[in-house]
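Please go over the structures that come below.
Two complexes come next, and they have one chain in common, chain A, joined by chain B in the first and chain C in the second.
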Partner chain A sequence: MFEVFRITLKGIFRDRVFHGILVAAVLLPLVPSVSQLSMRQVTELSITLSLSLISFILLLLSVFLGGTSLWKDIDRRYTFSVLSLPISRTRFLLGRFLGLAAFLLLAALVLGVVACVVVSITAGNYPPDRPVVWGNVFAAIVFDALKYILLVAAAVALSTVSTSFFLPVFGTIATMLVGSASQQVYEYVQSPAGEKLTPLLRQCANALYYVLPNFSAFDLKVNAIYGVPLSGQGTLLTVLYFAVYVAMLLLVATVLFSRREMK
Partner chain B sequence: MAANRSLPRPIVWSVSAGILVACYLALIFPFARYLHQKPVQEKLGVVPKAEFLQLVSADQKQLVAEGLTLKVLLYFGTLAEKRNNELQLPPDYQAMSRLLHAAVKLDPYNMDDYYFAQSILVWDVKQIKIANALLEYGMKYRTWDFYLPFFAGFNYGYFLKDYPKAASNYMRAAELSKNPLFATLAGRYLNDAGQSDLAIAYLNTMVLSATNPSIKKTLQVRLEALKKARSIEVAAAAYAKATGIPAESVEELVRQGYLPEVPRDPYGGKFYLDPDGKVKTTSNYASPVKKTKSAPQ
Partner chain C sequence: MNAIEIAGLSKTYTGKKWTRVDALKNLSLEVAQGEIFGFLGPNGAGKSTTIKTLLGLIRPSSGSARLMGEDIGTAAARKHVGYLPENPAFYDYLNAEEYLLFVGRSFGMPEGLLGQRCAEVLQRLQLWDARKRPMRSYSKGMVQRVGIAQVLIHDPEVYILDEPMSGLDPVGRALVKEIMTELKQRGKCVFFSTHIVSDVESVCDRVGIITKGELRSVERVEAVLERGVVGYQLTLKDREGSRELYVPREQLTTTVGELAVQGVEITLLEPRRKSLEDFFLEIVTGTAV
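Showing the complex of A and B:
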């Protein structure tokens, strides 16, 4: 499994898609200049822009590397040669996932360090009303990475049943949109305005809320940008939710991949 | 045979490239001019409902909110002419207000929205109650920020004449900022006195903290107008105290030596004393609106 993990990481660094996405990171040094457009919160805007760019880059990496990695292995019949070696399908799949997850964490940390330099330059030139809470900025980047690792787990699960490029890529994008909106939809259904909906629709929305991934808990941008205190219990619950949900997705992916007929 | 008769490829490519570059050059300048002259209302555009934006902006809500805010700022900036503080077009305040409301729904912590609403929309549109509702919404989130109760307190006192609410907001600002000035202002509101001095103190604070050139200039002009009105008030009070009768006009105050000259209204109006002895101006402290040809009727 470690060999697959190592090969996955190595493969990503050689991937042209990765090089293309990396170009987006050159926008980070421009953040201090763009942040000056704000009237009252230049440093806060620099944190907003940095975190948004990191999140966008991680999303692209999750969709175009996470969503296509396993599918490409199957499409190019790479799996035939690998699985003829003494390695189980489960170990192959987990190795691939762990390689992708480690890469996302590494990318988030590297981008995070650059973002911290950018934000500290801005904060030096335009001191904010409240000091930057670096712990919250770090937590926001780490939780962003966790969110995209969860998304990669969903992408891997979709890849195990897909015979084309479309399901893993568009399925991953749809999962991202649904996961980001599920909390708001749930709150709308629970509100007085939601009472106008039919009982069946409300029950379906409630059921989906508990089944679909919920990414809103991983979004700590407000805490990072405005120094709003983090909830210790909330972060712990989010980490546990991440671990359990990823484990469930990988279990489903493993079962499906083990039963898949390789042609 | 046909291939032999045709021109060599490098020549064909060069000629094609030349024609395309010429077409591009012929097009790009009128195209850029068209975009530059496009009415600013069109540039502000239509924004979907905040609830829809919340759904589709996924984890980029703060970025989308800041985008809306900057759109309003740039729109206002293009309207404010550099000379004479005249507005080129009647600004679409409703659209600006809509965008700001959508922005605070996406990111209720964004100070730029509250600051812009207070700087421009309150004075020019006189939608004080809407502005205060926006500020009170912001206070629920920006619990550490003294600016929001400071703005709300000023609006309650200066515009709405609701002195108890003004005082309670100033007290809140004093608690948050630890600045005794706000406690003093709260005390003055409780006594219902010194309105012009309060407005000058308020605008001084706003000008000092303004970083956007358009906003800063707008506030400076307003501050200058209020300071001039205040100088007439002081002169009129001195005249009334000395003579026992109120002054009839600003010119009389100049003739009697209470004012060195008739103060010039930076908005282009003329200061006068109303029958109650209060200082007024024909501009009503608002910029004259100059319509341009591109303005939709």
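Showing the complex of A and C:
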């Protein structure tokens, strides 16, 4: 498993897609100058911009690396040579996933450090009303990374059944959209306006709410930008949700992948 | 214990719109340790299907098989095997050395031994100079050589090779044959598929001929060649000088007797045989050649 983990990381670092996405990171140092466009909340804006950019880069990485990793193995017939080694398919899949997850965490960490430098430069030039709560900025980035790791788990699960890159890539993007919207839809359904919907529709929406991923809890931007204290219980629940959801996705993925024939 | 034991293996592919292909029908076969077995058959005969099933890449529709006593489809069975896929593809962002190390570690080889074996096989397959270049830049034959190298690196008991000679130059083919013979001498089992009859003739102990998913014949190569003798070319020498004479197989004994009586010396006796190729064509086309 560790060997698969290792070559997964090696593969990502040598991947052209990764190099391409890396280019987006050069925008980060531009954040201070762009932030000056805001008259009053320069530091707040720099945090917002940095976090959004990091989130966007992580999204690209998880869709294009996570969504294509396993598909490429199958499409380019690497699976014949690799799955005939004495590595079980479960271990292979877990090695792949852990490699991708570790890479996302690493990328988030590196980008996070750059962002902190950028934000502290801005804060030095334009002292904010409230001091920046670095712990919250850090937490926001880590939870963002967790969100994308969950997304990669979904991408891997989709890859195990798909024969083209279409399902994993667009399925991952769809998962992202659904995951970001599910909380709002749920709240709408629960609201007085939602009362007008047919009961069947409301039940469906409720059922889907518990099945589909929900990314809203991973969003700690507000806490980072305005220094709102984090709720300990809330973050703990989010971590728990993450662990359970990822475990279920991987369980499904390993079952499907073990049954798959390499024709 | 036989190295490879296949019992009643069948495989039916179900494609789109419920199309069904019976790629393999009730195949039973045993290959011993220390034996080179040639798996011969025309395109689409079911050779690769058999091999992929042995490696657990596809599931048999029915039947079972064991590798060194372990049921196929388990990591334990694959632990004994070096497998070369047909038209192999390896992670092209790695170089040959990195890939071989990856394979060796997957087999749990200790690092010291692995480094040493890695250098040996790279040199043996003439990949030493290219070992640090990503495999993306390799030619077809070089990739095939990596395929042979990754089969050898962990020194397994069983070698399952799907068209090992494909894409290799004559020197490479000779090298592969030499390697196979060496493995046999060290008591290893080599099972390889091919559609080139002469490859079988020169290295194999036994040959199995498969067409349309059915195993038609399993024979000792020597026996086929012996049985295939149709006559003899004699070179004779007497007072008038030397001359040649063709004698049909069944008349050899009487002819030799007569020649002895006449005081003619036989300087050379060469068998004239139907080749393995003829034998193969006979089975595949179903008619005598």
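Going forward, the second predicted complex is superposed on the first by the 263 of 263 C-alpha atoms of A that agree within 3 Å, B and C clash if a C-alpha of one lies under 4 Å from a C-alpha of the other, contacts with A are read in each partner's own complex, and residues count from 1 in each chain.
Keep in mind that, in the parts below, contacts are C-beta pairs under 8 Å (C-beta built on N, C-alpha and C of every residue); 3 or more make two chains touch, one makes a residue touch a chain.
Bear in mind that the values here come from a model prediction, so they are computed numbers and not experimental data.
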item: Simultaneous placement of chain C and chain B on chain A, clash or fit; value: fit
item: Which superposed partner A:87 touches (first chain B, second chain C, both, neither); value: second
item: Partner chain in contact with A:261 - chain B first, chain C second, else both or neither; value: second
item: Contacts of A:196 with chain B and chain C, given as first, second, both or neither; value: neither
item: Touched partner set for A:78, first chain B, second chain C, both or neither; value: second
item: First, second, both or neither for A:225, with chain B first and chain C second; value: first
item: Partner chain in contact with A:129 - chain B first, chain C second, else both or neither; value: first
item: Chain A residues touched by each partner, larger count belonging to chain B or chain C; value: B
item: First (chain B), second (chain C), both or neither touched by A:177; value: first
item: Contacts of A:41 with chain B and chain C, given as first, second, both or neither; value: first
item: Angular separation of chain B and chain C about chain A, which is computed from CA centres of the superposed model and rounded to the nearest 10 °; value: 150
item: First, second, both or neither for A:14, with chain B first and chain C second; value: second
item: Gap in Å between nearest CA atoms once chain C and chain B share a frame through chain A; value: 31
item: Residues of chain A at both interfaces, chain B in one complex, chain C in the other; value: none
item: In the complex with chain C, residue positions of chain A that touch it; value: 3, 6-7, 10-11, 14-15, 76-88, 261-263
item: Chain A-touching residues of chain C, taken from the complex the two chains share; value: 13, 52, 55-59, 75-76, 78-79, 81, 83, 85, 87-94, 98, 102-103, 105-108, 134, 147, 150
item: Of chain B, residues touching chain A in the complex; value: 51, 54-56, 58-63, 66, 70, 73, 107, 109-112, 115-116, 142, 144-145, 209-212, 215
item: Of all residues in chain A, those that touch chain B in their complex; value: 37-42, 44-45, 48-49, 51-52, 55-56, 129-130, 144, 147, 176-177, 180-181, 184-185, 188, 215, 218-219, 221-222, 225-226, 228
